[in-house]
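After this come two complexes, each holding chain A, first together with chain B and then together with chain C.
What follows is the complex of A and B.
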């Protein structure tokens, strides 16, 4: 097991380095020199080259990358061109919001997908109803679902606030009320994917002998489903939940924009629209690193549960 | 299974309808999609079924023209994904060895990157135009296509008819083109439809975030975004183009899923 973990972990570090370097190189070479961006369109070439020299933007790209990486490892991602705040403080205030949103959505949709699909009998109507809901929740874009929910619950019925983030300090009730629509929007997509994965696995486990035995000895359908089929078909869902959590390092971009939540995703979109280079770079790098690390963790968990995986590789 | 068949027919007829709308847009649309009527943000009426937007343009006409943009970007992006992904998957699966290992490594990494974040970064760097969007979305699609093709080839290459072809001296290229490729056509068709569906989804999300096609273009994601501020006045400005995207994504997805 330890050998397996080490073998995987050794792959991850160089991958992170290569990916962040590619990101760095692409952003610096294509976006042009940061000085031109900072000084604006009407800056004189002399001023630009002066600034390039002062900040070391003329150095070879690998040298600039190493300098950036070294600072980044110490938590220093520079300052945002737009807000003049340090990038790390911007990320520090945005990340908890994205993570809270994501955790709610992933947990709720995971429970809903596994629960509904195991408890609702696979009759003709109820079965096809769940599969119809799953398909629609995968194909409806977040902005459409968000807009519809805002219209129905905030504008038409006036039950819930339209948007914005209420921190815990505003009171638990207010905090949760502001979270309902964004969490529902974000959950829909996850619910669809989790449900699809779980159903496929459930269907293959359902026909195995031990399930027939459980049924033959007279257990109720619910009991067979929850105690015998569920534990044997839930694993892929858990893996996928982990991977989804990793992708959330980039924030729930569209949902955060729809509901004006100041999370990582909205910060990222604002940075991209404003060419805010240090912020794009920092969030991009964090997303890539987060992805690689969660994938590693998912691999380890699978290998820990299923010895075939760790022995074969 | 009759459910499958129903899904396929529903998907196919919806796609046919959307394609027809896209082709016939100039004849179906009551107004020029980019011309202002003068009355800004008017509510739905007999003259403007959905109303007019903040620049006084007829939203219904823009909705019809929007089908063109979505279809062109979605179909072309998925074609680009195929053109890159299929040969890589075929060769990597059939030839195996070190090249295959490398492909698997790269594909695994690329697949796990969140599509929308990558699309945002690349769009910010190269700028959004129809061609750029097609290339960006296509490049984001190829790894998944390569992985699926590779998986199919791994199974097929062990089968007797492939071995027979090999033993009578067929070249690798011939085996891939004449014996393996025809057997993965069904899977490829399904993947093409699904890739189209997800590309339309991502393209619309990009435009919603303000990084889609530049302004005058009648583009659904952008219409949703610009209508969002006027939700209190006329929710249809947002919900109608949103429903159009959803319907298009759904119908391609249904075709793909039912053909799997």
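What follows is the complex of A and C.
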């Protein structure tokens, strides 16, 4: 098992290096000079070359990349051109919010999708209901669902706050109350996709020989479902959860905007709109790294659940 | 049926408007109540810095005018009032402004506000390294800042520039603490220190900006509110829902359509005293629009009332000039280009324009510009012209107007407290905002004369003459002044929007 983990981990580092280099090259030279992007369309060539010199954009790309990487490894991503804050402090305050939101949503929707689909017998009305809910929740646009939930629960019934982020320091209850609607909105989408993936796999495992044997032994339907089918059909869901969590390092843009959450997605979009290249670069690199690492974790979890994977490698 | 519904909706919004009068009258009888929190909704908050020297975004100004005071203030009819400057004298033929400052004013960090602080504030904006957004505007004008005494400061100018006072009522006049600016350096934008009625307490970017009452504010007894909170909302519609349940007290930047969502039992829609000036512009120094008859023909083909109905629900004001009525410098509108397709066709014939040549009309992507382009395109097609609508991204649009690669297009400007601000900028042959190539020696002379005298009635006459010439020569087709609204909870007292659209809540209070 340790061998397996090490083998996978060794491959992650070079991948991150190559991908962040590509990102760096695209942003700093292939799409035009960052000075021209930041100074805007009517910038004079003199102003652009002055800025190029001041920020070292004239140096060879490898040298620039190494300089950026070295600083980034020490946690220094430079300063935002728009807000003049350090990029690391901007990310430091926004990332935990997106990660908390993402973890809640993924865990909740993952457990709900796997649990409901395993426990509710298919063919019954309740089974069809789950399929219907999955399809609806995946097709309703997030902004519409979010706005509808706000209207029903915050404006009409007035049970919950409409928006905003309450930090833990405001009290646990307040914190959780503010989280309910955004987490519900985000979970709805993931519930749909997790549920569909799980059902497809579940159906293919359901009729395999070992399952029929378990049934023939006289085990209860619940036990067959949870002990025999579930472990064998949950793997694709876990892989997908890993990828999803990685993606969510880039923030859940729509949910963050609808609920005015100061997460990383909102920061990312503002940076792209304002050509704020140090911020785009830093968040891009974090998303890449996050995807790689969560993928690795998902692989490890799968190997732990499924001996075939860890033995065959 | 359709018409009936539209009428009914108009009636409801008119009712909402009517409500604004009784409460402002009753507000004068009530005694102000201290305390409470006023919540303001900001749509898609773009705030990036609270350093007035660097500020570009309009959203930032909503907050800046509470944290800082300006040297000069504007009134509801755009007349200039004292603020941090108690009084001023204009000397040396309009090339020297001497300000007497309020005494005993302290910044929020306890350091004194005096002539040296004013000098530092202006010089810092002129400093190349600061990259101030006001540098381009001040640099050609300011020759030197002179400390006459601790409470008297003089601005020496390179030339006559009557807009100086208006500029000092805007971003360039917001005074920040030199000590704090040097202490925080690049982080000042997050740690603002001014002399204003409120101090920054908490700023969670993208969620809320919380300001608290400045207990040592130099105007004794003000402000009444304990705090002002700016909350980010994803859209005006969702913001108005929150106004309805009392979560938000003030939502600005609403169009007439959005005011229909307002429930008059809880909320009042207040119209901004002055709307943006919308126009069409073209390059008059080159073909095809150097043909004056063609320009007049197009101007007569445009039905401005229809544009007003469609864009602003009829609540805008038709413009027969650059600046709205009712300001100290506005002269009465002379009837401009009446809508007359017949006249337009006759002028078109006289112009000798080849009807098979297409005219390119640009359509910037912002919603109101885009609709104006579509409507104008439709209307000039009706007199037999061939029109190509050519889309351009809003972010590129103005840069391309300046480069002259966008020719015939809608444009819009906000009115300024001094007429020189817009007239000289757009119409003088050397004006920095002259993108039409318009050059008329008589207009140049009148505008220069407008800079050289200080008597307001005399100046108003000069700008009136310019307005008449512009209406004849059509470097711009004046369309209309827009209608902007602010939704205000009925609990908010003693507050009304100002013409520059920056809220100043220091005298506002909230009923229990």
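Just so we're on the same page, the second predicted complex is superposed on the first by the 261 of 313 C-alpha atoms of A that agree within 3 Å, B and C clash if a C-alpha of one lies under 4 Å from a C-alpha of the other, contacts with A are read in each partner's own complex, and residues count from 1 in each chain.
Following the convention adopted for this analysis, contacts are C-beta pairs under 8 Å (C-beta built on N, C-alpha and C of every residue); 3 or more make two chains touch, one makes a residue touch a chain.
What you are looking at is a predicted structure, and each value in this text was computed from that prediction instead of being measured.
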Superposition on chain A - do chain B and chain C clash or fit: clash
So, A:136: does it touch chain B (first), chain C (second), both, or neither? first
Determine, under the contact definition given at the top, whether A:257 touches first (chain B), second (chain C), both, or neither. both
Is A:147 in contact with chain B, with chain C, with both, or with neither (first, second, both, neither)? both
Any idea whether chain B or chain C touches more of chain A? B
Quick check for you: in the superposed arrangement, does A:164 touch first (chain B), second (chain C), both or neither? second
Looking at the overlay, does A:267 come into contact with chain B only (first), chain C only (second), both, or neither? second
Given the touch rule stated above, what does A:47 touch, chain B (first), chain C (second), both, or neither? neither
If you stack the two complexes on chain A, which partner ends up touching A:128: first (chain B), second (chain C), both, or neither? first
On the A-aligned overlay, A:293 touches which partner chain: chain B = first, chain C = second, or both, or neither? neither
Of the two partner chains, chain B (first) and chain C (second), which one does A:155 touch, if any: first, second, both, or neither? both
Any idea which of 3-11, 21-29, 39-47 or 147-155 of chain B is the one running into chain C? 39-47
Dual-contact residues of chain A, meaning touching chain B and chain C, are 143, 147, 150-151, 155, 257-258
List of chain A residues in touch with chain C within their complex: 40-42, 79, 82-85, 90, 93, 143, 147, 150-151, 154-155, 158, 162-165, 256-258, 260-263, 266-267, 270, 274
Chain A contact footprint on chain B (complex, rising order): 3, 109, 112-114, 116-117, 120-121, 123-126, 197, 201, 204-205, 208-211, 221, 224-225, 228, 231-232, 235, 238-239, 242-243, 245-246, 249-250, 253-254, 257
Contact footprint of chain B on chain A as seen in their complex: 15, 19, 23, 26-27, 30-31, 128, 135-136, 138-144, 147-148, 150-151, 155, 243, 246-247, 250, 253-254, 257-258, 268-269, 272-273, 275, 280, 284, 287-288, 291-292, 295
Note: in the complex, chain C contacts chain A through residues 44, 46, 48-49, 51, 54, 186-187, 189-190, 204-208, 231-234, 238, 241-242, 244-245, 247, 396, 399-400, 402-403
